[in-house]
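Note that the chains take the letters A, B, C and D in the order they are written out, and that residue 1 is the start of every chain.
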Amino acid sequence: MSLNSFGRVFRFTTWGESHGPALGVVIDGCPPGILLHAQDIQAALDKRKPGGSKFVTQRKEPDAVKILSGIFEDDRSNGPRTTGTPISLMIENVDQRSKDYADIRDKYRPGHADFTYDAKYGFRDYRGGGRSSARETAARVAAGVVAEKALAFVLGADISIRACLVQMGPHKIDRARFDWAEIENNPFWCPDAEAAKLWEEKLDAARKAGSSMGAVIEVVASGVPAGLGAPVYGKLDADLAGAMMSINAAKAVEIGAGIEAAALSGEENADEIRMRNGAPHFLSNKAGGILGGISTGQDIVARFAVKPTSSILTPRKTINAQGEETEILTKGRHDPCVGIRGVPVGAAMMALVLADHAMLHRAQCG
Amino acid sequence: MSLNSFGRVFRFTTWGESHGPALGVVIDGCPPGILLHAQDIQAALDKRKPGGSKFVTQRKEPDAVKILSGIFEDDRSNGPRTTGTPISLMIENVDQRSKDYADIRDKYRPGHADFTYDAKYGFRDYRGGGRSSARETAARVAAGVVAEKALAFVLGADISIRACLVQMGPHKIDRARFDWAEIENNPFWCPDAEAAKLWEEKLDAARKAGSSMGAVIEVVASGVPAGLGAPVYGKLDADLAGAMMSINAAKAVEIGAGIEAAALSGEENADEIRMRNGAPHFLSNKAGGILGGISTGQDIVARFAVKPTSSILTPRKTINAQGEETEILTKGRHDPCVGIRGVPVGAAMMALVLADHAMLHRAQCG
Amino acid sequence: MSLNSFGRVFRFTTWGESHGPALGVVIDGCPPGILLHAQDIQAALDKRKPGGSKFVTQRKEPDAVKILSGIFEDDRSNGPRTTGTPISLMIENVDQRSKDYADIRDKYRPGHADFTYDAKYGFRDYRGGGRSSARETAARVAAGVVAEKALAFVLGADISIRACLVQMGPHKIDRARFDWAEIENNPFWCPDAEAAKLWEEKLDAARKAGSSMGAVIEVVASGVPAGLGAPVYGKLDADLAGAMMSINAAKAVEIGAGIEAAALSGEENADEIRMRNGAPHFLSNKAGGILGGISTGQDIVARFAVKPTSSILTPRKTINAQGEETEILTKGRHDPCVGIRGVPVGAAMMALVLADHAMLHRAQCG
Amino acid sequence: MSLNSFGRVFRFTTWGESHGPALGVVIDGCPPGILLHAQDIQAALDKRKPGGSKFVTQRKEPDAVKILSGIFEDDRSNGPRTTGTPISLMIENVDQRSKDYADIRDKYRPGHADFTYDAKYGFRDYRGGGRSSARETAARVAAGVVAEKALAFVLGADISIRACLVQMGPHKIDRARFDWAEIENNPFWCPDAEAAKLWEEKLDAARKAGSSMGAVIEVVASGVPAGLGAPVYGKLDADLAGAMMSINAAKAVEIGAGIEAAALSGEENADEIRMRNGAPHFLSNKAGGILGGISTGQDIVARFAVKPTSSILTPRKTINAQGEETEILTKGRHDPCVGIRGVPVGAAMMALVLADHAMLHRAQCG
């Protein structure tokens, strides 16, 4: 069943609820001998963690990660290294405020999983969304760091995986101004400095109005060699689609030209090929670096759209567990745009899918 | 690894190349006691099969299915019924013309998997795209018939799964004219009679110009109860995204409002809930029938975009296996819009994902 | 790959090394709504834990379990109940004495996995056997408690799963004296009071001589209905064989008559069937309660043989990591007969396999 | 669920009933570029096939295999080679005599799966045991040929996998006379020429008396390097145990010293290590070539015991589907000792497990 696991040979399983004592991830199948310091994982978690700006939830979580197994260090190992056994990572929850959630015990918040959990399980941990909380993504980000190291180790090359926000609400970036260097300069991971200014204004207004905004995240992996993936159900793009759609609030996934591909003609869409520096070079990348489910050696480009946060300060019509009509207004500490925190999560999922496929490829093709 | 399998408990594995002797599928985990006639599968294959109009490939394949295992009939069984053991379905290939493909033995067709297969496997069956041929989807459609029966059997209810083309090239249907009854009246599965006329004209022009067009397919499942799915990696929408993106030429997948959700405000997006006839009723369906990865009881709505056929009669720049620059023009019999044949495939994948989740739900929640 | 996971729908993953900070297990797929108190798990761990008598390792581990996720309790839940999300259990390691193991850093202990770990991974956590330590079985016992509850919940019936030692070294019990009530009266889980006395004498002598003894464990599940399992690779007995052989030091697994079945005639072996109290009743149980991979409704009987502990106080010929011949004598705290601690582990594995098959059966057959 | 699949990365799925039109296997994950002629598979099937002597069933099946996918040959490929896509193998059933089985439609044969199938599925194909027929093992033998080639290809070395019968009924071979060259000289795959003579006499007597005999099969893999396997649930021996126990009629599995290990002392059991020709050399092989779940580089030795054929010409007490007590005498064509035909099946399962682990090792450790 493995409903909480992902990956085939580089495989991880996450556990934990928003308001339980901790959350974590177990990674199975990681190659042995890889240097892995807790601080590398911590650095990634610090980038993702809540409380960083007024545009993300004000919950204060240190998100301190502990490595509980799977690494070993002695005076000859030159640092802590993976042993090839399961890597267990744990992050304790510190700032739970259960009282905030008493109101949603019986009322189903529109756009949330409250109703569906009850329909499925007949019983739920309603505090902070339980298992559906965005806190689960901390485990993905932690696992993503290990995946990125494993990917470089297996391929013998550094792969660059970057992610950014390319749209907030209806406001898209201007591709002509796209600059990866900008994403650290604003609280949105926005590669377009001017768009970032507009977004700040728009999101602040939405936040003050008790509303929220959606977003589109783009993830790009550079340096991935041709040959990762498989033709049918194990397609690299099919796995990326499943991975991205599994992120909280995701409603769409695109590869390369994505939904725009439908409007192109065959000549516009199929990327022509030339040789450059003795290697195949594609004259465009409508394919997003994947043909027939297998990487082409070009940048792998995936995007996913996330809906606006459903927890808003505006009263909404709903029903309660007793089947009575009522209203709800979601208090508590929430992200006005969950897409922002989705950026490192998207990058982590790309790393996890690629690490898995790099190992699968080695298994089958040496 | 299971790169050619899909599903967790209702699980199928497809096999076969475009120009091999046959193709097929093995379905494992089907409940016992379900009536299954070969002609039911045949009827679905007949709808999908090539050669139906000038808008699909002129390859003539009878696509006659044989059930090789997993059913049993005697004088007391009241028809052939599934036994709970693997159901093996085979379709023989009849109309292969291998000579048509001699040209692509060394030249990589832009937009095709020729280059990536060689990069991965170092060796390939280049006839008709081998494993990446759209012929593989016949196996999916056949399995989808079994899935639809299993789904109804497990849920004790008829679930309606329908699919249509909602966009061809840049031309979208008019939602105001949407009528399911129309899809049988035109060669495009188009629910808008007027759009169908326009598409006919446009696709004919593209075909004559040696070009091709992309499309968007919409798949809707009605009657699915609330509670199917799971919160994190086993999300119903994540599985649908992987399923749809695994279809040939797919470049994007959407659930409900899809990519448009990014542009909505929190109030616009979250579907409000009321009671109607004693049951929860959502006032809109931006969620596409899925919240937190679990079905809400509303229509489940998924869409996927397919790129325009890459096999076109216009010469394109490419390289050959020896790393020399050259040109290619893809002769042979091809679909000017592969999206048309993707319609029944999308419906089949929806049935396969739902059957799997219906059984998973029964496993865990009774 | 899932090399550290077991089960299909009731699936668990263990992690942790002998001398790491902790070990644990994540259980995925457990049904929701089951009462689960930490003290129930603790009670099972206390029975298994080291330090209980002079016949098991003197390492003092409290083996205190924490439930980190997957349960929820409020004023209406009538106790902590499973939510259907992953159950994460953690046991901290307290009494590691790493200095004891400095000697085995380079020398390969005969009968241990030291050499094979280095051959596979090129790097290992040599402290206490790392991942191959019997401490890993604490995680299995903890998961087994959850499995036993899930099994009863899914089947709607109490299933009794019991295990005992039926042979120590060459000394078998007398079947005529078999009494389940005796197993709590001696430190060996021996159902034959007289055999227990002999074993005490023999094992004490072996321990004082710096030697060790093997054992055979029998596990019996009563009350399991007919119909769990599957015909070919998902056979109930095949899964039990894999489960039992995965226990540390196991070298053989038997079902029912086991290896003795080879010496029987067809008439002696095939269990005849009569009706008793309106239900099928087998006149013998050579089959061990399984026919064609599916349970018959009789007691399910499995046995596994464990080799004598390889850590002994007698010097043994070996080599070191540099390929030089040398000798080793394994100091440290060890079990003179690991089979004793294998008894609750065998029972846990039976529960885990049955819970998985009970849920699989429900998925496919309702 | 995958109840009819086996393996993780070299994964196969079998399908087919005794009296259906055909049976087969789909192999997924095979490396590309391996020479694979249908006649290689045919040669192995011919060794296994029924009708070879009076000691096996008189059913006449040509067992002609067809390769339906996954290989490709052209004028440059130097023979048919695997492409890395699924390999589908089919064997048609020819000599079904359904009328022979009319009697067992309602009566449950003792020792057979008739009763358990009805208990599980409520419906069954009763002809020839349906899915539980030994005919399913033809698919395993066919897959085993591919596995053996993949194993040699992945390891870059020829691995010798041999199997023989070491016990028939209560009659064991004399290990002092063990000679692999003898196994082709008698109808039992017996490595002891004298034992073979005795067995012929005993089995002929059993056959004439309407009885049957059990057997023990030994499978030995030579040349496997150290390092294949994994520490806990993915143990090489655990996978072998599951594989061997999945063979029809198997009731016990042993690795190395097997059940005898329980009676040894620690000194007797743990294999000491020396250097020989610059490589580690074990002074004995009680471990059967596996320590901590990982191969040691010694011969891998597994044994499995099969019960005597349950289909005998002696009347037995049983019940029918209506719950009435009755008797049954199994006519039809049966093996007096199914263990004989189990010999190539055991070798095939060893090859399948090793191919899987060789690829898994490559995935994780390069």
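Here is the rule we use: contacts are C-beta pairs under 8 Å (C-beta built on N, C-alpha and C of every residue); 3 or more make two chains touch, one makes a residue touch a chain.
Just so it is clear, the model here is predicted, and its values are computed rather than measured.
Enquirer: Chain B-chain C contact: same residues or different, taking over half shared as same?
Expert: Both copies, chain B as well as chain C, present the same residues to each other, with over half of the numbers appearing on both sides.
Enquirer: As a test of understanding: of all chains, whose mean C-alpha position lies farthest from that of chain D?
Expert: If we average the C-alpha coordinates per chain, A ends up farthest from chain D.
Enquirer: Among A-B, C-D or B-C, which chain pair copies the contacts of A-D, with over half of them the same by residue number?
Expert: Going through A-B, C-D or B-C one by one, only B-C repeats the A-D interface.
Enquirer: Between chain C and chain D, tell me the centre distance in angstrom, where each centre is the average of that chain's C-alpha atoms.
Expert: Spacing between the chain centres: roughly 27 Å.
Enquirer: Determine the centre-to-centre distance between chain B and chain C, using the mean Cα coordinates as centres, and give it in whole Å.
Expert: Whole-Å distance between the two chain centres: 45.
Enquirer: Roughly how many whole angstrom separate the Cα centroids of chain A and chain C?
Expert: From the centre of chain A to the centre of chain C is 38 Å.
Enquirer: How many angstrom lie between the CA centroids of chain B and chain D, rounded to a whole number?
Expert: Taking the average C-alpha coordinate of chain B and of chain D, the gap between them is 38 Å.
Enquirer: So which stretches of chain B touch two or more other chains?
Expert: 1-5, 8-9, 14, 29, 32, 84-85, 120-122, 130-131, 231, 360, 363-365, in rising order.
Enquirer: Can you tell me which positions in chain D touch chain B when the two form their complex?
Expert: Checking each residue of chain D against chain B gives 1-5, 8-11, 13-17, 20-24, 26, 28-29, 32-33, 66, 68-70, 72, 74, 77, 81, 83-88, 90, 105, 120-125, 130-131.
Enquirer: Where on chain A does chain B make contact in their complex?
Expert: 1-6, 8-9, 14, 108-113, 115-117, 119-122, 131-132, 136, 167-170, 206, 211-216, 225-235, 237-246, 250-259, 261-275, 278, 280, 283, 286-288, 290-297, 305-312, 314, 316-319, 323-325, 339, 360-361, 363-365
Enquirer: Would you pull the chain C residues touching chain B in the complex into a rising list?
Expert: 9, 29-32, 84-85, 154, 231, 359-360, 362-366
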